[in-house]
Amino acid sequence: MPAYSTNMRLKFPILALTLEIITIILFAVFVDYDDGKHGGHGAHNTTHHEEKKDPLTLYPMFQDVHVMIFIGFGFLMTFLKRYGFSSVGLNLLLAAFALQWGLIMQGLWHLDDGKIKVSIFKMINADFSTATVLISFGAVLGKTSPVQLLIMTILEITIFSINEHLVAEILEANDVGASMIIHAFGAYFGLAVARMLYRPALRNSHENDGSVYHSDLFAMIGTVFLWMFWPSFNSAIAESGTDQLMAVTNTYFSLAACVLSAYAVSSLVEHKGKLDMVHIQNATLAGGVAVGTCADMDIGPFGAMIIGFVAGIVSTLGFKFLTPILASNLGIQDTCGVHNLHGMPGILGGIAGIVAVLSFSHLCHSSLRSAAMQGAALASSLGFALVGGTITGLIMKLPFWGQPPDQNCFDDSIYWEEEGEESLAHGDQKAEA
Amino acid sequence: MPAYSTNMRLKFPILALTLEIITIILFAVFVDYDDGKHGGHGAHNTTHHEEKKDPLTLYPMFQDVHVMIFIGFGFLMTFLKRYGFSSVGLNLLLAAFALQWGLIMQGLWHLDDGKIKVSIFKMINADFSTATVLISFGAVLGKTSPVQLLIMTILEITIFSINEHLVAEILEANDVGASMIIHAFGAYFGLAVARMLYRPALRNSHENDGSVYHSDLFAMIGTVFLWMFWPSFNSAIAESGTDQLMAVTNTYFSLAACVLSAYAVSSLVEHKGKLDMVHIQNATLAGGVAVGTCADMDIGPFGAMIIGFVAGIVSTLGFKFLTPILASNLGIQDTCGVHNLHGMPGILGGIAGIVAVLSFSHLCHSSLRSAAMQGAALASSLGFALVGGTITGLIMKLPFWGQPPDQNCFDDSIYWEEEGEESLAHGDQKAEA
Amino acid sequence: MPAYSTNMRLKFPILALTLEIITIILFAVFVDYDDGKHGGHGAHNTTHHEEKKDPLTLYPMFQDVHVMIFIGFGFLMTFLKRYGFSSVGLNLLLAAFALQWGLIMQGLWHLDDGKIKVSIFKMINADFSTATVLISFGAVLGKTSPVQLLIMTILEITIFSINEHLVAEILEANDVGASMIIHAFGAYFGLAVARMLYRPALRNSHENDGSVYHSDLFAMIGTVFLWMFWPSFNSAIAESGTDQLMAVTNTYFSLAACVLSAYAVSSLVEHKGKLDMVHIQNATLAGGVAVGTCADMDIGPFGAMIIGFVAGIVSTLGFKFLTPILASNLGIQDTCGVHNLHGMPGILGGIAGIVAVLSFSHLCHSSLRSAAMQGAALASSLGFALVGGTITGLIMKLPFWGQPPDQNCFDDSIYWEEEGEESLAHGDQKAEA
């Protein structure tokens, strides 16, 4: 049955090389260095930051975000016992392509003398666009080929950049930490793809769909780096000064409160009050997601802590009770539980943003309109994600992209050369179609 | 025997949720963003830094310290073969609570219009207060329940903040890198707790009280991040400019010299001249501890190197010869050897500070008084640590905090759900009281 | 046969302590803090940066480079199944000594009132000099004793600093990201040493000369940190402002393009189109090496991407086809394949620098002379490396430095105490000469 071959020898190299060559050509035509001179147009945020004299002011923030993308997301997914190479390796591949593609897709909306002028600010935004793909990757982890994932990357980044433009420029909604346009978008996009790629045979748990002791420790590297640097994620593109300090502070305390509630609820719902690594690895981060939209608003440190506290509870309960229901009743097999880490906390963040804008109504005549725009931004992000993810999932389902057969899911050996006795002992002998 | 139950189902969630809710209420009453305007009071260091225009100037330093707290301390303790989940996981829990509690406890001494105004500087100090708890955690690692550890966190941070205020504001002693008020304090506090929790049954080595190959590699992640970012720890709250550069430089070279002496002595005292991972993981860091007090003084790079060189020797010899004696003769079972990494090098740092202050006597009339104040600061830190740790240990010894029975020490499976064959093979079947 | 003893009990401690004491004395004589005042001489780069007011401006860049040296290089080499302690542990030892020695060796060329005045800029350069040793370490990994490696460190840093001075001050060649003076130099130096230490008995693959599943994941920690922070490596000592932004941007995109081509070619040349971890761990970084020389030149983002794209292809092909030939035909056993990651991409970077300088000829009368100087810099780096490495290898071959016998190569247990069942199961019983 050659149509289902997982042999990537020709299709993967051809696709990867072609994409990169096209990207280089697009860069030759459209991309130049930021020379510090700007026309009068462009997003207000962008303009503000780029007026600064030292073009590297944002560089430490950029590097924090960079670590979240490549170490954070990459290692968070290494919890699977035999899928660590793919988790961190394909994360690197997808992110490396996505940041190039994202720079083009985002930049085309804001050409400056016909050029996209690369600054640290634009590099941060390119890394942000990458995050959506990596969130969706979590939903389909273990069940897709590198070719399928590259296709998802192209489509998701493209759709993301349309929604982002709509939310930021047309609706003028606030989403500094991107609860809606990255987290909710990435999660529901990935869930829609996962629904399209539903595999009935995986309803009964797959032997490799779980962790071992050391794989859970590798995943904690990802968790802790994400947790530490989330204040940078939520503040990197905030207005410098007090707004940026508020974004850092709110995120720092939201995450701290989230840890306590996630641990407490994990213990409460588990056998004999034990803690569950899945909750600790993921739900402790929900506070960063949920405080995103209103990170740079004057909600008070305690306001941020309430958001984080609630997010930790919602996320942990989601992992315990909702994920099994989604899989068994709706056919949505969400490998990493992105619905609990990014989906629900992202919506919570969007709602918190609406509430925050409304509660400032004594300060601002247009607050009702602003709240409506925040709501429209949330709806737009969810709509683009679900429709875009469904279409993308249908395309990914075409039978010639090398999708792994059910019995080879969650197993590096189908796409990676393995050497060494330890590996051989774990199932290199498995059949490959 | 229900009083000794390790089932945490009720007591841990209730304690964690209650603490977080109380903390949020305290934040609502006392904590606000730093608005950049200040009254005339407060520590001179604080005032100095907060006058800067960009409130995020210290942010990269803060993130380095943050990495030390969460990755550094967390992974350093993963060297135990079956206690990695607790090491990095409880480290995250305790630190997330401690930084909130520390911000309150430290801030109450310096209210500004009745408020604690959060700045990056205050976040760094909150992270610092956290370090004391994590050091003490190392002394009792593997032998305490999460409930006991949360209680220790509350008490230790509270006592720490009293001693810190006394040392910095009343004695006006210099301890920029906190050799005395964090390292010596945290170590002797933890040793006092460990003495109170003495377990005669663990005198003969426990089967899980040791490392395996990969657990030692995970621990090296912690070691290396601590080692790299220690210059940030010792300089983060120094006066900006030359003082801060000196703090960075002194720490950098002290650590480098310490590595050479730790390796040399490890080889000298071990079987056939081999190196011991315990020494490498810990004693290589002693130079950062010992240079802390005088990091921002003009001791010359070679002066810093001498301090680091001596610290590496003292620390390695401590691991080899002193730790076994403490355990067998004094009933102090110091799991991570914090006495060797933080205790003795911390005292060494305090003494180096006295010597440094005295040697500048031609520059300063009040140097004798200053030296006396440095000595008083060291004595105060040790006194508060030993008395505070003893009281805290007595409270932790009460029989209803879920302390693990001897046979389940150093074993994640008593507090963590485990899945996967590898785990099952290692002792999930163990009895739980 | 006592001359071949691998017992390090006396020789290693004596050497390490002696070196450190000599270094401290040299520091006492020659090294002082940077006070911000400078004479009129010194490298133009140096002067430029050090005129800045805040002496810590470069500190975040320094810390990124620091992470590359200690985490990046250290963990990249942990891919070997039983050599992780040595990889990350000896990396720490060698780097800690090298940065002290490098500061002296580089600083002696630029004395300021008879002193080397330490600044962050000089600390970055000291870390750079360290990189050459760590690259060479990769070539001889698993086959050398700590004593041999310390000897290599002294000699290599000394020779490096002569070549660096020649290239930067006499030839005035541009090599901001050090493709030539660090990467090509370190690689060919290491290969020359490896040639001298050729072991015919290792022609047939050694049982420990390979990876296991988790060792490959540890190595990915190194890979990803190197990949993320390479823009800092290539821009740290660039002129601040636009030049530095170009260096960051070019490196960022070169690396991104390199990932795509490395993955594609890995799949193309492997069995059934699978990916090979060796390629992913190493060849994805070749873009950072190759863009080094012209990182701060106006080659356009697409120009940088072409360099990275080619480097990824060359490097992957090198691992697949050239490394086996070097080992079997030339007697060069290159454990980590540094020829493919640093050697060929370094030369490629040098050539790209020549081409870039020539193509700017309409801007600059002296471009032909500049191109010739770039060529001379490349030739000088290769010449010093090959001659220096050969002499160093001959000295390292003397029979009393504790070199491991063939059967104990690639095995931590010969130089490290090991505890725990897992370790014991893997070969602690091996004979030691």
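Each chain carries a letter (A, B and C) given by its place in the written order, and its residues are counted from 1.
One rule holds in what follows: a contact is a pair of C-beta atoms (placed from the backbone, for glycine too) under 8 Å apart; a residue touches a chain by one contact, two chains touch by 3 or more.
Keep in mind it's a predicted model, so treat the numbers as computed, not measured.
Because contacts link each chain to all the remaining chains, their graph is best described as complete.
Superposing the C-alpha atoms of chain A onto chain B requires a rotation of 120 degrees, rounded to the nearest 5. Centroids built from CA atoms put chain C at 34 Å from chain A. Residues of chain A in contact with at least two other chains: 60, 214, 221. Within the complex formed with chain C, the chain B residues making contact are 60-61, 64, 81, 210-217, 220-221, 224-225, 227-229, 232, 240-242, 244-246, 248-249, 252-253, 255-257, 259-261, 263-265, 267-268, 270-277, 280, 284, 298, 300-302, 305-306, 309. Residues 7-10, 12-13, 16-17, 19-20, 23-25, 27-28, 31-36, 54-56, 59-60, 63, 66-67, 70-71, 74-75, 78, 82, 84-85, 88-89, 92-93, 96-97, 99-100, 118-120, 123, 146, 214, 218, 221, 415-423, 426, 432 of chain A are the ones touching chain C in the complex.
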